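One structure coming up, written as C-alpha cells, with questions to follow.
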Amino acid sequence: MVTELGTTTVETRRQPLPGTRSTHGSGGVRADPSRRGRAPLGWGGAWVLAVLLPFWLSEGQLSTATFIVIGAIGALGLGVLTGFAGQVSLGQAFFLGVGAYTAAVLGADHGWNAVLWIPAAGVVAAMFGALIGPTALRLRGLYLAIVTIGLVYIGQNVFTNATSLTGGPEGRALPTVHFANWLDFSAGNTLNLGGLTIDHNGLYYYLGLLLLSLSALFVWNLSRTRTGRAMQAVRERELAASVLGVNLARTKVTAFVISSFLAGVSGALYGSFISFAQPGDWSLTISIQYLAAIIVGGMGTVMGPILGSIVVFGLPDVIQNLSFVSQNGGGGLSATDFASIVYGVLIIVFLVVQPEGLMGLARRIPRRLGCSEGSMPEQRGDPPRRMTAATTKPEDQQ
Amino acid sequence: MTQFWQLLFEGFSLGCVYALIALAFTVIYRSSGVINFAQGAMLLAGAYVISWLTVNEGVPFFGAVAIAIVALALSGVAFQLLLLRRVATQRPIFAVVMITIGLGTALTSGVDAVFGSSTRVLGDPWGSTALHAAGLVFDWVKLWAIVFVAVVLAAFYVLDRHSRYGLAMRATASDEEAALAVGIPVARVQALTWAIAGSLAVLAGLFLSGYPSSPNPSLGESALTAFPAIILGGLGSPVGAVVGGILIGLIEVLAQGYDPSWLGNNFYEIAPYIVMIGVLLAKPYGLFGVRPAERL
Amino acid sequence: MSQPMLSVCGLGLRFGRLTAFEDVEFTVADGELFAVIGPNGAGKTSLFNVLSRVYEPFAGRVRLGERDLLRLRPRELAGAGLARTFQNLALFGDLSVLDNVLIGRHHLMRCGALRDGVFSRRARREERAHRTAALEALAFVGIDAWADTPASTLPYGLRKRTELARALAMEPRVLLLDEPVAGMGEGERSEISELVKRVHGEHGVTILLVEHDMGMVMDVADRVLVLDFGRVIACDTPAVVQRDPRVIRAYLGEGLEAA
C-alpha cells in the first residue's frame, strides 16, 4: 500500500488484522469444532432407544409414539422460527394443513408415490412460508403474532371453501404411504424383515423417526453454523445484527421457509397416518399445542422441541386413561378440556418456573453427576477450567 | 336500503362491544407491554358467572353483574401480581404474553369443564325485546350496548386525562423505570389496568352473550376478533382501539349481511383479518400506532 | 493527494424539531486515528448512528472511500468495510463470546442455509477457518479463555472487550469505537488504550473514536473533532485543540493539563 505525503512516497506494509491470518493461510490456532463432545453421545443413546422402542410398546402406545415423532417434526420447525429466529408465530397449523392437502392432492388425486409427495408437501408449505416471511420484515413481535393468528383463520376458511381440493367441511381421505408393493403402509399390511413383523403403526413410526432424525440433524447443523447464529442474533437485537452485516430479510425468510417445510412434512405424515383430514384439524388450538411443545421443551435449543413433543403429544394418551376423565362424551370432565387445561398450565408453569424448559433441566444433570467436561463456568468473570491451545503460554511447556 | 341501515346499527353495536374488548387490551398493553391473550377467556368466564348467578342462584341481574365484575377484576389483579409481575422482570415480554396464552387456554377449557357446553340463559332483563322504529328493528340489548359503552368510554376518558391514575398509567407505559423513579406505584398501576380489563371483560361478555347469542363456549373465540381491532387501530392507542373496534364490528356485520358468495362461505368470519392485514401493509403500526424506538 | 477514507460534508440530523447536529464537516485520512469529543448530548453517538445508517440525516453527504455511504443499507456496511462498537453495548447475551465474534465474521462467510444444514465440506471448512480467526481476535483483546461463556454472564469490562473483538473480526477498513473505555477502571483503560494503539499502528485501520477520557484521546488521536450543541467548534491536532479557547470554554473547563 502506498501513501503519498507531499512529495515523499511512503510505503506502508499493512499487517492483516488479528483474526484474519488463518483464513488466508495455514497455521495459527486450531479451533476445536466439536466443543461439546459428550452431548451427542447422550442423544445417540436416546436415538438407539427410540429405534428399539416399538418392540416394548402396545398397539395404542405405539400409535401415540407415532403421533409424537410426527408432531416433533413440526415442533422442530417452530423451534427454528420462534426459538432461534425469535419470530413469534401462531400460524403453524396453517402450514400443517397445506402440507396435508398437498399430500392429498398429489398422492391421492394424482397418484404420486410417497417418496415424491412427502417432500412435495414440504416444498409447497415452504413456498407459502416464503410468501408469509416478508411480512415479518415489516411487522414486529406482537403484530406478527396476531397476523399469524389471522393466517390460521383465513387458512381454515379457505380450506373449508376449497372443496375440490380439501373435501370441504367434511374433510377428505388422505393417501397412505406406499413406496412399493412390498413397502406399503396401508392398514392391515405388515412388513416382514427377517423374522420381525412391523405393522401399520410401526411403519409410520419408523418413517417418522427417520425423517425426524434427518430434520434434527439439519437443525443441529444450522445451530452451530453461520445461518443459525444469524437467526439467534436477529432474535436478540435486530438492528445491531443488521449493522454487523446480517441480512435481516434473508434470515427471517429462511427461518419461515425451513419452519414451514418441516410443518408441511409433519402435516402430510399426520394426515396420512390417520388417513383423513378436515379443516377443523388445522385450528389455533393446534398452533398453541406446538407452541406449548417448544416452550415445555426449551426454546432456542435443537432437542427441546422434541422433548416438548413427547410431553404435549403424548398427553392425550395419558389423559384418556385417567379415572376422572369421562369417556366418549359422557358427563363430566372431557378429555379435550382436560388436555387443554393441562397445556395451559404447562405453558404457565414452565415459563414462570423453568423458562429453559426440559432442556434446561437436562443440561443440569451432567453437572449434578459431577462431569465438568463441557460445562460453563459458574462464576462471573472466572475463566473456565479448560484452556484452549491459544492461551497456553510457551513458558508453561518446559 | 333498510337492510343497510339495519346492518349499520347492528354493526355499530357490535363494534362498540369490540371497542370495549380492544380498550381492555390497550389498557394493559399500555402500562406493561403485554397483550392479554386471555381476554377472550375472561369475557367468557364473565358471561358464565353472570348466567350462573342469575339462573342458578337467583341473584338479581345487576347484582350479578356487579359481583362478576368484582370477581373478574380481582382475578385479573391476582394473576398480574402473583404471576406476571414476578416473571416480567426477568423474561422478555414475549414470554409474559405466552403466559397469558396459557391462561386463556386453561381458562376457556376450565369454564367448559365446570359449566358444560349446554347452552345457558344469561338472565338479562331485556332479553329479546326490541324497539321498532323507522322500519328497523332495534334490539334492546344492542341499544344498551351502545349506551353502556358510551358511558364507559366517557368514564375512561375522564380517568385517563383528568386523574392521577390515568397519568400514571400513561407514564408507566412510556418508561417503567422512570415511572418508578418518580414514585409511581408501578405494580399498583399495572394491577389497576388488569382490574379495568377484567371489568371490561365482564361488560363485553354480557353484551356479546345477549340476544340472539347466549353464554356459550364460542364466546372466547368471538373475542379474538377484537385482535384485528387493536392491531389496525394501533397497539397502545385508546382512540385506535375504539375506532378499530367499531370499524371491525361494522365490517363483520356488513360482510355477513351482504355475504358475497364469490368470496366463499362465511367470509365475514375472516373479513376483519383481511382488513387488518390490508391496513398493516400500508401502516405497519396500525392507524394510530407508534413505531417503538430502538436505541443503539 | 490520496482520497480520504471518510469524508463528511454538511451533515445534519434532526429528531422532529430537535436538531441533534448540523453542518458537520470533516475528513478522515486513510489510517488516521480521529477522535470525536464533546459534552454529553453534543451529538457524538448520533453521528456514529448516522454513519452506521441507523438514523437518516436531513442534509449532507458522506463518502466512505469511493462509495456514497448514505446510499448503503445497514447490512451493507460490513461489506463496505465499516465496523463499530456501541456505547451501551450490543452483545447478543444468549450467545457465547465466540459466537458473538463469529457474527462479526458473518459477512465474510458464504454458506447459506442449505449448505449449513447439511454441514457440507464447504460449511465445515468455513466454520473451522472462521472460528480460528475469531479466536485470534479474542486472543488479541485477551479474552479467548472466555470463548464459550455466554456473553450476558460476563462482567462489564470483558463484555466491552468482546465487542471490540467482534468489530475487529469484521476486518474493517474503518472502525468506529463508541466510548471503548467508558465505565472502566484505571488499569483496564490503559490496557484498552494500548489495544487501540496496536490496532491502529500495527494494522493500519482507520479509527474514529468517541471518548470522554481526555487522557486517552490526547494520547492516541491524530486529530480531534470537537462538537458542542451539535456544531463543530474545532477540528485539529490534540495539542492545538487543547489550547483552543472555544473548546476550553465549552467542554474542558478552566485550563486543561493533559493527563
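A, B and C are the chain letters, set down in written order, and residue numbers restart from 1 in every chain.
To be clear about the criterion, contacts are C-beta pairs under 8 Å (C-beta built on N, C-alpha and C of every residue); 3 or more make two chains touch, one makes a residue touch a chain.
Not measured: the values here are computed from a predicted model.
Among the chains present, the centre nearest to the common Cα mean is that of A. Distance from the centre of chain C peaks at B, each centre being the average of the chain's Cα atoms. The distance from the centre of chain A to the centre of chain B, each centre being the mean of the chain's C-alpha atoms, comes to 34 Å. Chain B and chain C, compared by their mean Cα positions, are separated by 48 Å. Centre-to-centre separation of chain A and chain C, using mean CA positions: 37 Å.
Of all residues in chain C, those touching 2 or more other chains are 52, 54, 86, 90, listed in ascending order. Among the residues of chain B, those touching two or more other chains are numbered 296.
Multi-chain contact residues, meaning those touching two or more other chains, occur in chain A at positions 239-240, 243.
Interface residues of chain A, counted against chain B in their complex, comprise 86, 88, 135, 138-143, 145-147, 149-150, 153-154, 157-158, 160-161, 238-240, 243, 284-285, 288, 291-292, 295, 331, 333-334, 336-341, 343-348, 351-352, 355.
Against chain A, the residues of chain C that register as touching in their complex are 1-2, 30-31, 52-54, 73-75, 77-79, 83-84, 86, 90, 92-95, 99, 101-104, 106-109, 111-113, 116-119, 123-124, 126-137, 139-140, 144-150, 153-155, 158, 165-166, 168-172, 199, 202-205. Contacts from chain A toward chain C in the complex involve residues 1, 3-4, 12, 14-23, 28-31, 33, 35, 218-219, 221-222, 224-230, 232-233, 235-237, 239-248, 254, 257-258, 300, 376-377, 380-381, 383-384, 387-388, 390-391.
On chain B, the positions that touch chain A within their shared complex are 35, 83, 86-87, 91, 93-99, 101-110, 112-113, 116, 224, 227-228, 231, 235, 264-267, 269-270, 273-274, 276-277, 280-281, 284-286, 292, 294, 296.
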